[in-house]
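Structure incoming, see below.
As written, the chain order gives the labels A, B, C, D, E and F, with residue 1 at the start of each chain.
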Amino acid sequence: MKIKIINPNTTWSMTRKIGQCARQVAAPGTEIVAVSPDMGPASIESHYDEALSVPGILQEIRLGEAAAVDAYVIACFGDPGLYAAREAARGPVIGIAEAAMHAASMIGASFSVVTTLERTCGIAWHLAERYGMQRFCRKVRACKLNVLELEQPGSAAYRIILEECRQALQQDQIDSIVLGCAGMTDLCRAIEEELGIAVIDGVAVAVKLAESLVHLGLKTGKRGDLAYPLHKPYSGLLQSFAQT
Amino acid sequence: MKIKIINPNTTWSMTRKIGQCARQVAAPGTEIVAVSPDMGPASIESHYDEALSVPGILQEIRLGEAAAVDAYVIACFGDPGLYAAREAARGPVIGIAEAAMHAASMIGASFSVVTTLERTCGIAWHLAERYGMQRFCRKVRACKLNVLELEQPGSAAYRIILEECRQALQQDQIDSIVLGCAGMTDLCRAIEEELGIAVIDGVAVAVKLAESLVHLGLKTGKRGDLAYPLHKPYSGLLQSFAQT
Amino acid sequence: MKIKIINPNTTWSMTRKIGQCARQVAAPGTEIVAVSPDMGPASIESHYDEALSVPGILQEIRLGEAAAVDAYVIACFGDPGLYAAREAARGPVIGIAEAAMHAASMIGASFSVVTTLERTCGIAWHLAERYGMQRFCRKVRACKLNVLELEQPGSAAYRIILEECRQALQQDQIDSIVLGCAGMTDLCRAIEEELGIAVIDGVAVAVKLAESLVHLGLKTGKRGDLAYPLHKPYSGLLQSFAQT
Amino acid sequence: MKIKIINPNTTWSMTRKIGQCARQVAAPGTEIVAVSPDMGPASIESHYDEALSVPGILQEIRLGEAAAVDAYVIACFGDPGLYAAREAARGPVIGIAEAAMHAASMIGASFSVVTTLERTCGIAWHLAERYGMQRFCRKVRACKLNVLELEQPGSAAYRIILEECRQALQQDQIDSIVLGCAGMTDLCRAIEEELGIAVIDGVAVAVKLAESLVHLGLKTGKRGDLAYPLHKPYSGLLQSFAQT
Amino acid sequence: MKIKIINPNTTWSMTRKIGQCARQVAAPGTEIVAVSPDMGPASIESHYDEALSVPGILQEIRLGEAAAVDAYVIACFGDPGLYAAREAARGPVIGIAEAAMHAASMIGASFSVVTTLERTCGIAWHLAERYGMQRFCRKVRACKLNVLELEQPGSAAYRIILEECRQALQQDQIDSIVLGCAGMTDLCRAIEEELGIAVIDGVAVAVKLAESLVHLGLKTGKRGDLAYPLHKPYSGLLQSFAQT
Amino acid sequence: MKIKIINPNTTWSMTRKIGQCARQVAAPGTEIVAVSPDMGPASIESHYDEALSVPGILQEIRLGEAAAVDAYVIACFGDPGLYAAREAARGPVIGIAEAAMHAASMIGASFSVVTTLERTCGIAWHLAERYGMQRFCRKVRACKLNVLELEQPGSAAYRIILEECRQALQQDQIDSIVLGCAGMTDLCRAIEEELGIAVIDGVAVAVKLAESLVHLGLKTGKRGDLAYPLHKPYSGLLQSFAQT
């Protein structure tokens, strides 16, 4: 089984880290392909960045379809382009926020999200609503960290995130913490061990969900809202995106 | 006051029609600029098309900001890129689905939407939820029409839409019908006269809302979720989108 | 176009202030008529006051209909009698809470309301629910001020309201503040300038919405819930209210 | 214990009928006083009629308070003026829609409402939402009957209502039918016997709920939203309503 | 009329206390039978305890049916087995959380629950949702008390509960406090007198609701979700539970 | 990894079938143990049956904990005793309705459930609400089949279920069908092939989800609502259930 993990930003250090974490949890027969698109933002911290990460994601989906990829993971906590990607793909497409929230809802009564910048908290809440997970989400907490600080060796990022997770643990009456950025994937176990509460990394969960759906033969529905996009002309910079 | 209306698809016949309808309702001092982006899909009928219309929209916002545009209207019923556009703009940005649903909620107890393809109904419902208008929306009805059929002289489009509106009027216990596509903007009055029920074209309402907000000095909030996007590198095809 | 603004309380100093603010934002061709009914409470600070302001409102609607008024604004933040007034009127009727909340939902992710007495906060929340605006409303804050203190020259009202708005700005993570009383209409710009956040006065927004709907030919639906009241006998003090 | 039942319309034949039904279910020690106000509409079939029934209701509350009434029932299915009446009263005030829906939620999984005119269905749904009973309400069905047809001897009202109840029974998968008009109070048992499903008359339930709350010493909360109205001048036709 | 109150735990001191409180509010003609099942947990403080209290409840329902009981009260704030009991019973079955929340919704705008252990707060919130009462429930507060501490003479329980109620009164902007444990039934009046706010004991309310429904002839619907359980084999320890 | 699948009814033919289907999807290293409790109902078709299946489930959880089971699946579509089981277990516990609905929400916009008896539809809707999946569930359809008819060789069950699934496919605008009974597990593929739409069997999905959570080290949260039950006396028939 081939699972393609698309880190929608163009920061390959993060992509490699995501790929490693994914491989650690993948089943023996699963091939993990982790990529960044060759276009788009270096990090995703706004609706604007999200929107402009989507063409790159969709390009990777197209390449993936040609390469017989079985399922996709969108490895950014805003799950950008999830529904567009599902339209373009035959197999399942899983967002990491989606995956993490679903898992959290099965192992406890409620969770909090710990994410990067304040301005993205509203995006996380919107996803929670969209997936039906709002009722399980107690709080979305921002660390006031830029995404790329997570990539700087020696930054204070780990310490700051750990501290916010500790606040969540002490104040939010929760059963788990959902990490709100794909760039935190490698911190998951350390925080879990430090705090003694389940810490959920959406990348890992998404890989297992994708494997599960593929194993069960469950593909994206093509009869309704998620049918393949219609053929039509595209122009300018984006003309290569026309479905043919 | 300068209001820029962005038809996010690249079909200029529709853009011209939208511009005309907008000018018919604009106040004397309002300058209407109606454009299509120079990139993207010829019509928008899926999440995929929507997602790929957004870069063009954002490019037009950037051009508009440089040209001191006071407010923007996104003239596609899926309101693609609305929040990203708001981040990039100083003044208000109004979606036509948003505008039409808000107006409908003020003149009656409920409305139905009449739109093009079945597969976009879910998008309309999601917008209704997002704007808080779900409680006023009785039904979203599809005409099984492609968007571009609305542009073909002599097509059966008008007759089919009229018929669906009639069904809505007879079955849905509604006070108004919201037209679910910017390409229907010129049909609004004819249907209204034929059926004797308020028929709401989002383009017209959005122009008036945009004028109103500008007149009142209300701009997009820049303190939180809709602050300007952060400066960061963008690469590849989309590198010109980096905020500077 | 003639727009009648009904201040449902009988305090004409407030009515005049409301009329002035309305005229400042009205379009050139709009005639603003601001009135108080000749019956009812001197101020509205409870369900009881609201209920007893409604006959006066409906009397003014009747007079307005006879005088070919095009649209009405109910200038009390509880939007008393809104649906009854819509039944009695041909054209649109807009409540100032309704108007302010709708506008706030278009320029930011969320807003807080700053109102007078604690006991009216529940009324504001109920309106937010009714208009679908609950999801945008972060908090309803009371200033512990009586409505009529807003009319006393030299009162501490402005300072107290400003302080509560400042709290909202600092604590609520909002993009705008909605003023929760028609009597605050003249304070809007001063607070906005002091705090640097959008402050929304429902009177001004309602005037623009009313103008917009009239301009677009959108009238109150008369086919269903908001049809004209049926003819029937009324007795006693209220016998003149019978529809004939 | 003294319970005052206020039929908010001025049709005394209905008031007497309501009083009789109330007395049939009241406990031995309960004195039932059934009244119509001396002002207001002959029947209530719109927001307009509702709004104009409220002054009469509030006058009856005031008289009741002076006469040491222990609890009130508002005997119109729109529960007009419920919150205003609660402010003015020391003891409990129960609406018949409220009472009926609560009872229905305890004896089955869901109910339908059978009411008079189509245009009042929205009012019933709003009440269901307000009381938290929306989740139990499957359908609100109109009989296309004017309220006063219920008072005409020999009218087809009973047959028409029975037929609509039968439709509800057969189509709605419900456990009970809530009668949506106080004027149907005397039909309850006959329909129940004819159809073999619980048929709930709000008048009867409201009497028992009022008795229960009084018996338990539970009074309307006076600390917050439902505190007594403030003292202030009232003018014109309504000047006698000032709280003193 | 015979009403059976089932205290689902096996602590008879609590059962007796519950019975006494019930008798104090029952109508003259009402016979109160208060029992504990002969199987199950000594106290109920988790989903586990709740689940294992249900067989005992259902046994008592069966005995009650044989003894022509008219209605049942389940006297544990988690309302365990409510729907199963309704299936097995002919007459109404009322839970004390259900009863208390419904009453609270009629005498004020909102209430808080004061209960025993933190871990049961989620259960209370779930019930509030299920009964439609979530919109009235401001907060569920835990006292960190085990249920059985309420039964120990001289324990600090009363003082601790009183203190939590005082916090609720001061912080929650509520009109009443709902006691979240049947074992608090005897504390109700004392707290009410101490604090001057309505304090609602579900046992008392449930008795009055049960009496009311029986008096009105309203029984559990047997046409749908709450029909009698089907006949089928049961085995092992529970074989006597087979419906025959 | 050891996963225990508890068929909460005592019909071992169904248990064996469930075990076989589970083994077909399990990963190589997963040991599947499929059991029925030695107490309880032969089939589960009501709240009553559900409630009385729970002691058996909890007994199997206890046995499982002693046998170092890593995760549990409750293989009845009502997910009986899910939260009680989670309290008693260290590892994850997954209900098959929960599993199926979650999977359905990831591969399409909406699903319908096809279940056995009409009377259980309300249970399915309640679960959908509880898991946040209500927004994805278009319809719950009953086949009017008793559960045990699924076990009778040569019964019409398959044909009837297939027909109902076909209706769902044609009328509900869905992307997948969720089978609403563990006893249908073996019909999944045949229906899927017949109809060409994804048909989801909760048993299979639950196995993969359980494997995934175990693989990721995610256990049931023990800090709050799902902490181990407290030690306390249990009496009578159920005395062996006391936690020690």
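Methods note: contacts are C-beta pairs under 8 Å (C-beta built on N, C-alpha and C of every residue); 3 or more make two chains touch, one makes a residue touch a chain.
All values reported here derive from a predicted model rather than from experimental measurement.
J.: Shared numbers divided by all numbers used: is that above or below half for chain B and chain C, i.e. same or different?
T.: Mostly the same residues.
J.: Taking CA centroids for every chain, report which one is farthest away from chain A.
T.: Most remote chain from chain A, centroid-wise, comes out as D.
J.: Report which interface contains more C-beta contacts, comparing A-F against C-D.
T.: Looking at contacts between chains, C-D has the larger number.
J.: Express in whole angstrom the distance between the two chain centres, defined as the mean CA positions of chain A and chain B.
T.: 29
J.: Rounded to a whole Å, what is the gap between the Cα centroids of chain C and chain E?
T.: Centre separation, chain C to chain E: 44 Å.
J.: Touching at least two other chains at once: which residues of chain C meet that condition?
T.: As it turns out, chain C has residues touching two or more other chains at 109, 118, 122, 173, 224-226.
J.: In their complex, what parts of chain C are in touch with chain B?
T.: Its residues touching chain B are 25, 27, 92, 94, 98, 102-103, 105-110, 131-136, 173-176, 197-198, 200, 204-205, 208-209, 211-213, 215-216, 218-221, 223-226.
J.: For the complex, which residues does chain A have touching chain B?
T.: 10, 37-43, 45-52, 54-56, 58, 81, 83-84, 86-88, 118-119, 121-123, 126, 129-130, 146, 148, 224-227, 229-230, 232-239, 241-243
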